[in-house]
Amino acid sequence: MKRSLFVVAPVLFAAAMTSLAGCGGTSSPSSSETTGSVPKSTVSSSGGSQLTGAGATFPYPVYSKWFDAYHQKHPELQVNYQSIGSGGGIQQLKARTVDFGASDAPLSDKEAAEMPAAVVHLPTVAGAVALTYNLPNVTGKLRLTPEAVAAIFLGNAKKWNDPLIASANAGVSLPDTAIAVAHRSDGSGTSYIFTNYLAAVSPEWKQKVGAGKSVDWPVGLGGKGNEGVAGVVKQTPGGIGYVELAYAIQNKLQYALVKNSSGTFIEPSVASTTAAAKGAGNALKKDVRTAIVNAPGADAYPISGFTYLLLYKEQPDATKGKQMLELFEWAIHDGQTMAADLYYAPLPKEVVALNESMLASIQSAGQPLLPSQAKQGAGSQP
Amino acid sequence: MGGNQATQWRRVRRAQNLFMLGLCWLAALLAMLPLMLVLYHIGKTGMASVNLEFFTHLPKPVGESGGGMRPGIVGSLIIVGIASLAGLPVGILGGIYLAEFPNHRVGGWVRFAADVLSGVPSIVLGVVAYTLLVVPMKRFSALAGGMALGLIMIPIVLRTTEEMIRLVPSSLREASLALGIPRWRTALGIVLPAARAGIVTGVLLSAARVMGETAPLLFTALGNNFFSLDIDRPMASMPVQIYSYAISPYEDWHRMAWAGALVLVGIIAVFSLLARYATRDRLGYRS
Amino acid sequence: MSALETSPERIAAAPRRFTGIGDTLFLRITQLFALVVLGVVILTVCTTAFKAMPAVRAFGFRFFTSTTWDPVADKFGAWPFLWGTIYSSLIGLVLAVPVGVATAIFLAELAPRQLRGPVSFLIELLAAVPSVVYGLWGVLVMVPWLRDNVEAPLSTRFGSVPIFAGAPFGVSVLAAGVILAIMILPIVTAVTRDVIAAVPREQREASFGLGSTRWEAIWNAVVPFGRVGIFGGIVLALGRAIGETMAVTMVIGNRPEASVSLLNPAYSLAAVLANEFSEATGALHQAALQEITLVLFGLTFLVNGLARWLVWSVTRKAGGRR
């Protein structure tokens, strides 16, 4: 009797945990539809269907909000998005282990050729890459010139009171401490946007390091995901890193004003990101992968970028494909209002129109998945 | 003359003796210090955040406070369950083979392989599971995660099973054989039940060990923000959640990471204590 | 060994009454499952080697000496990871071995009977805490403390010495070494305690007979007797440290650069896999990571093999079984 206790106990314990998990929990609609769900193409024991997406951490705040809100509206569909970095999104889409990928770095021609089938890029929002730093004794926002930013990340400017930084911040007493640079340790679309900016403003960076999702950083500590970089900056006095604006604001981190191509020091914000994205409609029509770093315009924030959802043009599973398209339709229309609350810039009108025509071109077994909408000519896809 | 020198030298040696022995006491205290610190922090911050919501709610969207770790807690239990289903047959039956047929040359190779497997870093097994399961199956799944963890369980269960069967007195085996009971029935019906307690200990200890494994799950089970029982889909697990939360900047997530650590260590402690309780019954057979 | 225990000889000598198909099936089925273990190991080596071939062909031996890890230019060299792995593990050993051996001496020789059990239990509990929990405590508690109380003073006072060069950011190879030391301490302590406890009483008594103090007896008569086994325990601990992933990646700084300074961030073989594996997009990048997996496997294989051989040679001398 006693000996069987230690066999029974863990079983009871596991059963208790599972039943605790099964009942209770007001925010889990899945428990309310245990029986009799309409059979969907995905045989799922949880009673509904689930889409799996993975990729960029850049838009994770707004995506997690979107997928949660969409799930409240359509309880039978769960959208499980894992933020593993843009490189991960591309890689897992390539391996077809996820239904859709997300990346701030569009596929290069070489990468597109390596994908098993044609991939559609769907811009969803535009975001600002903020330069966030941790200087507890410095009040107000630092002003950084492109030269200063490049010097910091190249390792040429090693201390905070370096003349390149100090010259633009007259009146601010900068400490004589070392700069702790933080960058991404994983393949990152945010890195792609940021290194593209650096390559555009610094010939030395362009020659020494180049642009890409993973580069050979001259200096700095590595963090995993936007979360990891923000975490490093938050934990390290004297730290500076590049993160999507939402991460800086949500964690009350300081972030800098950056001098744009017109010479104005601009703060990253919904307004300045929208300004950067404003004129991009026509350029994106020609090639949806056009970058918007260093965008012209006095109000434009120079380190901005679109972020994309990636999916196959030819969907293997018609039901899943349709679910995805409906989700993305919702995201590029209704979801845009939530974007601004989370400090992302909504899509300009022309880009929304572009997206609609791209969605209409998605097919499964030769048939378009969405009811046909009279839109002329899908934009150019790689 | 020499007497004074000898006394002085003896005093030095005595001082050295006290000093070094004192250092040993200090070392023991120092050794226990990290554990105390870790448990203290887990207890302090974790206790404050462990509430019913933690066990029953899903995680909230990024940046919003509150939410729970329900998918991760249940997910961990499911994944370890799959790992056991995968690892136990190999471990137990393999252990029976090693104990019952000790002179077979193959056994030597199997023991060697088990030793190698027990020393392999778990992330290597995660890479292998990704290559062999996730990519061909074209999805991340709790199944792949469970298989990766099962590989880690195998050497522990194998070794324990072999040792425990060896501990069964041979008089039991010989009496059974003398009665004409065939070898296989002796092994399975007489010897194995006698070693049952120890084997269950090995199972519980290996389950406790893999419950805390993170690295292999990073690219097999991935993660899931929703509560799911579907083993063919990505599944959340406590260690992976704790990792994601710990490296993030959000204070709220840090809080939940500590709570998760508390629950995780608690579950491991329960399994370990049960394992110890099991072997208490075996005291009569221990040397 | 109790008379009740069954030695392999007695089992083997048991009458082999193979009464037909039952016994044959029993043999074959259990053998099959046992062979699965062997199969898993072979499978691991084969798949990793196969997947690593493109990188092996592209870089050859330079892979182990090159310091460039550049996914943009498709140039990969693993030296920074090898360095970081070995350096952090060595720091861990330097910190854990003295404390571990001294604690083991305490447990085996000095502790009052009632203390022995609880203290041993607590040390073993250290081994039960998962790596990610150590990482959590490490990144949120230990690293800030280390930065302010150890690294900052070291940097201000000895910053000109190469081993203390660099800015004190907290995350560093030193932090990784400290966390590793905590994690491998139970192994060193447990093995050393068992080895010391197994040293024959005559050694101590002979030493006391010659007039030695307690410490002299331990240090000069007991410990040297068991030095091979103790060394085996140390090597075992090294093997564990080399493969540690989560706690290390959370505190080491993740910078692929080999440097002698304790204060500088570094990277380890296991950490780079955790960070980059699921999202390496280039074929060569993936192959390079698979090659790192193979290197990690090989390294732990060699180190653990050495440890096993040392322990085996000790138990063989002492007449133990196996």
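The chains carry the letters A, B and C, assigned in the order they are written, with residues numbered from 1 in each.
In this section, a residue touches a chain if its C-beta (ideal position, glycine included) is under 8 Å from a C-beta of that chain, and two chains touch if they have at least 3 such contacts.
As the structure is a computational prediction, the values presented were derived from the model and not from experiment.
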In graph terms, with chains as vertices and touches as edges, which category applies: line, ring, star, complete, or other? complete
Between B-C and A-B, which chain pair is linked by more C-beta pairs in contact? B-C
Rounded to the nearest whole Å, what is the centre-to-centre distance of chain A and chain B, using the mean of the C-alpha atoms as each centre? 36
Distance-wise, how many Å sit between the C-alpha centres of chain B and chain C, to the nearest whole number? 16
Could you check chain C for residues that touch two or more other chains and list them? 139-140, 278
Multi-chain contacts in chain B: which residues touch at least two other chains? 247
Where chain A touches two or more other chains simultaneously, the residues are 84, 92, 223-224, 231
For chain C, which residues count as touching chain B in their complex? 1-2, 4-8, 10-12, 14-20, 22-23, 25-27, 29-31, 33-38, 40-41, 43-44, 47-48, 51, 98-100, 102-103, 105-107, 110-111, 119, 122-123, 125-126, 128-137, 139-141, 182, 185, 189, 213-216, 219, 239, 242-246, 250, 270, 273-274, 277-278, 289-290, 293, 296-297, 300-301, 303-305, 308
So in the complex, the part of chain A that touches chain C is made up of which residues? 84-92, 94, 111, 114, 177-178, 180, 185-187, 209-217, 220-224, 231-232, 235-236, 238-239
Which chain B residues qualify as touching chain A in the complex? 52, 55-58, 60-63, 67-68, 70, 73-74, 77, 81, 134-135, 137-140, 196-197, 200, 204, 207, 222-230, 233-234, 244, 247-251, 270-271, 274-275, 277-278, 281
Please output the residues of chain B touching chain C within their complex, sorted ascending. 13-14, 16-17, 20-21, 23-28, 30-32, 34-35, 37-38, 41-42, 89-90, 93-94, 96-104, 106-107, 109-110, 113-117, 119-125, 127-128, 130-132, 151, 154-155, 158, 166-171, 173-174, 177, 182-185, 187-188, 208, 211-215, 218-219, 239, 242-243, 246-247, 254, 257-258, 261, 264-265, 268-269, 272, 285, 287
With touch defined as at the start, can you tell me which chain C residues reach chain A in the complex? 68-73, 139-140, 143-144, 147, 167, 169-171, 249, 253-255, 265, 267, 275-276, 278-281, 283, 285
